[in-house]
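Order of writing sets the chain letters: A, B, C and D. Residues in each chain are counted from 1.
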Amino acid sequence: MKIRIAILGARGYTARQLIELLLRHPGVEITCLSTRDSDRPPLAEVHPVFAGRLDLRLENSTPDSVADQADCVFSCLPHAASAAFVAQLLDRGLRVVDFSADYRLTDPDVYQTWYGVAHPDPDRLATAVYGLPELFRESIRTTQLVANPGCYPTSAILGLAPLLQAGCIAADGLVIDSKSGVSGAGRNPKPNLHFPECNESVAAYSIGSHRHMPEVDQLLSRVAGQTIEVIFTPHLIPMDRGILTTTYGTASDSCSPDQCMDRMKDFYSGEPFVRVVDKPPTTKQVLGTNYCDIYTTWVRGKIVVVTVIDNLIKGASGAAVQNFNIMYGFDETTALL
Amino acid sequence: MKIRIAILGARGYTARQLIELLLRHPGVEITCLSTRDSDRPPLAEVHPVFAGRLDLRLENSTPDSVADQADCVFSCLPHAASAAFVAQLLDRGLRVVDFSADYRLTDPDVYQTWYGVAHPDPDRLATAVYGLPELFRESIRTTQLVANPGCYPTSAILGLAPLLQAGCIAADGLVIDSKSGVSGAGRNPKPNLHFPECNESVAAYSIGSHRHMPEVDQLLSRVAGQTIEVIFTPHLIPMDRGILTTTYGTASDSCSPDQCMDRMKDFYSGEPFVRVVDKPPTTKQVLGTNYCDIYTTWVRGKIVVVTVIDNLIKGASGAAVQNFNIMYGFDETTALL
Amino acid sequence: MKIRIAILGARGYTARQLIELLLRHPGVEITCLSTRDSDRPPLAEVHPVFAGRLDLRLENSTPDSVADQADCVFSCLPHAASAAFVAQLLDRGLRVVDFSADYRLTDPDVYQTWYGVAHPDPDRLATAVYGLPELFRESIRTTQLVANPGCYPTSAILGLAPLLQAGCIAADGLVIDSKSGVSGAGRNPKPNLHFPECNESVAAYSIGSHRHMPEVDQLLSRVAGQTIEVIFTPHLIPMDRGILTTTYGTASDSCSPDQCMDRMKDFYSGEPFVRVVDKPPTTKQVLGTNYCDIYTTWVRGKIVVVTVIDNLIKGASGAAVQNFNIMYGFDETTALL
Amino acid sequence: MKIRIAILGARGYTARQLIELLLRHPGVEITCLSTRDSDRPPLAEVHPVFAGRLDLRLENSTPDSVADQADCVFSCLPHAASAAFVAQLLDRGLRVVDFSADYRLTDPDVYQTWYGVAHPDPDRLATAVYGLPELFRESIRTTQLVANPGCYPTSAILGLAPLLQAGCIAADGLVIDSKSGVSGAGRNPKPNLHFPECNESVAAYSIGSHRHMPEVDQLLSRVAGQTIEVIFTPHLIPMDRGILTTTYGTASDSCSPDQCMDRMKDFYSGEPFVRVVDKPPTTKQVLGTNYCDIYTTWVRGKIVVVTVIDNLIKGASGAAVQNFNIMYGFDETTALL
């Protein structure tokens, strides 16, 4: 008996990557692809790569129609729109993996500050589980609602959590400098994402004002047991996919470089999708995979951690499938290797 | 009477860019292109872009032959090889702009530590002028020997010098995170620079061990009047040209964000090739130009400075021509606008 | 006394490249930048590369205001809009280089068929000169109105004209297969030009239906003295700039490969911006230049010609400046080397 | 009981892609990775993407050691080296899929002409099966030796075979203009494949002299039942993967555009990896897949066919796995969807 899957917001890149992965999953059947538009295009028109592989149309579904067709829903809708829809699915008993930011922040005031709207479903913030299996696997198993992490936060948190938890790195003054491929900015054409604008160019943007910053703050604070406020700068890189995040923090006196590396390896021992590597990694070595590769070194009293992920897989759809596998008792690597 | 120019190491990308610029310079004549190989190829075979524009062969020149043909020499030779040749040119009375690192570091021991060889010409280290016009214009005018700055150091020093000099930013714990196009790595094929390896990929490399780190240390220390040791991480970006450098430092209590910006604007007031901009810049907005665009903001007590340059122009050949113009009394912007 | 220049449609890539070139031209002054929008932005906001270099705002100019400010006008407006404006400038006695297709086709019916609108100024079609100096230099000198050639036609016509004129190649069945960088498609964001769509991808488009096809037909027919109908396929290549055009035609019995090459060299002997090369060229060897490099070989009775240009320079703004130089008696290479 | 697999020449890109695919194949076990070097590196050192996924070293294997470890061998060795090794494996009873050109051409003289060496194993040329399932599926089932097709030939033959077989297109004067990503040129660094050389550039190369030309000739001649000599020009495109091939041929009088399209659809009806599409395709729509998408149209009496493949999958390793599946009775799409 296969799990029936619905995908909301099926036009975008994360949905495309999700379908790609789920088509390899022996335990699921995609039964519903939803869009907020009313044109009902065949999937192959929206994503030509699926011609001949999945014969579905995108539908302008209602919560009821989704509930009729699916057991589990992946929402790739934008923030606010997502929670408004997802809340109704949860009321109908479905399980949900939400790609939007709506259920990531636990404090609705912080949400309102950073996203500019009142939270559509504040009461559920306490029950959602942040979908980073490396930190919250047990809670993911049984939850009805997973808040799938942001791409930048995944790359930053996986690199810093082990060192913060062990007290190897100071909690204040953490600098997170991320470099992302353009697919992270979504599929809607914009002037700064027009090929001749961003090709052959690097840009810093949203310096200290990116919405993923409070998400990293919250998670690292939770890990460290104290309030953490990071300095975060994202950069746009002329490539399709991949995030490389370089973090800088002050090494604590009680920790040596070797202990740092050991700590990292211990923390991720047994993890199926984190590899602690002994050379600075490239995004290409994780391209198309669900891996996060992590490297760490010391420079003049600072710990430098470099992580790489494929932003559409470990940073979005792969993580979602990993969470799904945990929720439904599949082998965690199913459809991901 | 035109200044006769020789270029040593004429096969590489900086030499190509230099020729491109000098062909637009009304006050010079390129008379000698030198290479360490013995094959004497026509320039158009080495750099097809010059077919029909400059009818010279590359020659395996000696110091004597160069001295016969040229008044001023640009050396694009690698470190150690450059000083060995340049020393002989200086002995013959020529003026030199040296692109290599040989005359940048004032301490021969530091040179030996980072470059792994004894300095070939240590006695001249005290007389060379570091060719950053924004800091050392007056000394450049009269020197026989300019040490043309490294590309990364240019991008870092121009961003930090005004703030350090004014005491706006703390001298310790400065983080310099640079992103460079691949031309910065030179023209020799290497596995990691093979197109399918570095395309669609970002890589950090030489973390805390890049040879430009002591160069930045030395210059910033001089500006700040105290010892500075920076944390420097370069990254390789899948594009031909451009460096974007993001620096992070602790804001001093005596300084406000507005003062910071004012300071930056005052410092570069009247500079022909530095623009203080009010939005985070992209490398593309300086592509093909000799400009360095600088942006600065505050995030949670840290000053974040972003600079962009074209690594082959302001980071190498454009800076060299700017230095040349100063040395010979041309308008500083000649051939650069 | 400098020629005063106005540029219509100053927001786009061809206008940006044109300004870049004209800033190096000692005989001109840019006095007016016009846009069809009403927001009057400073040039540096529209094209950040010009910050500190040209202190003008874009204006929503009228024909009268342009006539007050300028002697010569470059129109980068889209087809139909261009002729509507240009006609009024010509009435006021200005000289014009028109980048649009409006004055390229001599037959208004052909124009209407391919562009879908009645020609706004059909009576002047007979007086406009097609701005390919290699073919029509003398007419360009004295004309009031130059129709600047399309980028694809330039690359195709320069490769085929010498062979057609000499009868080396058959007039029927000519295949023109072009590969262009994305800047050729303009600056307006579109789904297929969104970075993650066209990066890492090649696409054929408008096969046999591209508007440059009748332009090539007309010019080659004129050169050959008989009706020519080409088969033309353009392709979109993941790079900013450059066109490489590969043409295939049947070799005539009366011609040998060597004669073919000789013919090509003779035809372009003395031309400042066409180089006949002896190895298949790359677009990079003409990047940023006004050159067209041409290579030709024989394969199994077919003549294969490969040409490369920078689509924004020899394919647009460089050609326009070359035409301007001819019209006003400047050295033809002024601002172009 | 899993089929034991050896891969010869495991350092390259086709081997990497092959391993990627085979790791998803439930019916195989990779038991041997061979290299001609003697350094025995772990796979993860050669291809970091496989860290933690396949714990093997590359070995300098002999035919005997391969025969001990494997049932079926994929050879990614270069031409000549491949047949020399493969012949010994065939003698030992193993089945082989050979990626090199060694067993593709049936005539050893043609091989010697184009590859410059005497064929190492001429007697087996008659028994090898050309591994294009769409044409030779039945022979593949039972053969001991599959000659895996070249990437360009796959893209050209799949587009032309249906039309030639049906007599819709003339057999003479066929023009094949191909555009390929850089991975097709292999993993060894070369000057023209150095990132700053081929990035932002298109190049034509080996015009009329590429070794895939006689391969296309041979296969199309066989399909058409008459001697065919094509005109073939490959181009290098600044992207990792993908081939788009545009072919031009004269339409026969007996055929209409609609019949042409019908013929194409009929021919590939039921084929799992060929899709006849109704819009010009992009290489991106088949990126990472084993599909060949085909589009055809008529322009002024010429039939234009456009095909797209991922050169490393349908053009190499995917085709090899498809052939393997046929040889061993697996579902043909196993590990390929």
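Note that a residue touches a chain if its C-beta (ideal position, glycine included) is under 8 Å from a C-beta of that chain, and two chains touch if they have at least 3 such contacts.
Everything quoted here is computed from the prediction, not taken from an experiment.
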item: Repeated interface matching C-D, over half of the contact pairs identical, chosen among B-C, A-B or B-D; value: A-B
item: A-D or A-C, whichever has more C-beta pairs in contact; value: A-C
item: Between chain A and chain B, centroid-to-centroid distance (C-alpha), Å; value: 39
item: Chain centre separation in whole Å, for chain C relative to chain A (CA means); value: 46
item: Cα-centroid distance, chain A relative to chain D, in whole angstrom; value: 36
item: Multi-chain contact sites of chain A, meaning residues that touch two or more partners; value: 181, 198-200, 238-240, 281-282, 287
item: Residue ranges of chain B touching chain A (in the complex, touch as defined); value: 173, 175, 177, 179, 181, 197-205, 207-208, 229, 231-233, 235, 237-242, 244, 246, 248, 250, 280-284, 287, 295, 297-300, 302, 304, 306, 308
item: In the complex with chain D, residue positions of chain B that touch it; value: 13, 181-183, 187-191, 193-196, 198-200, 238-240
item: Complex contact set, residues of chain C against chain B; value: 23-24, 48-49, 51-53, 200, 275, 277, 281-282, 284-289, 291, 293, 337
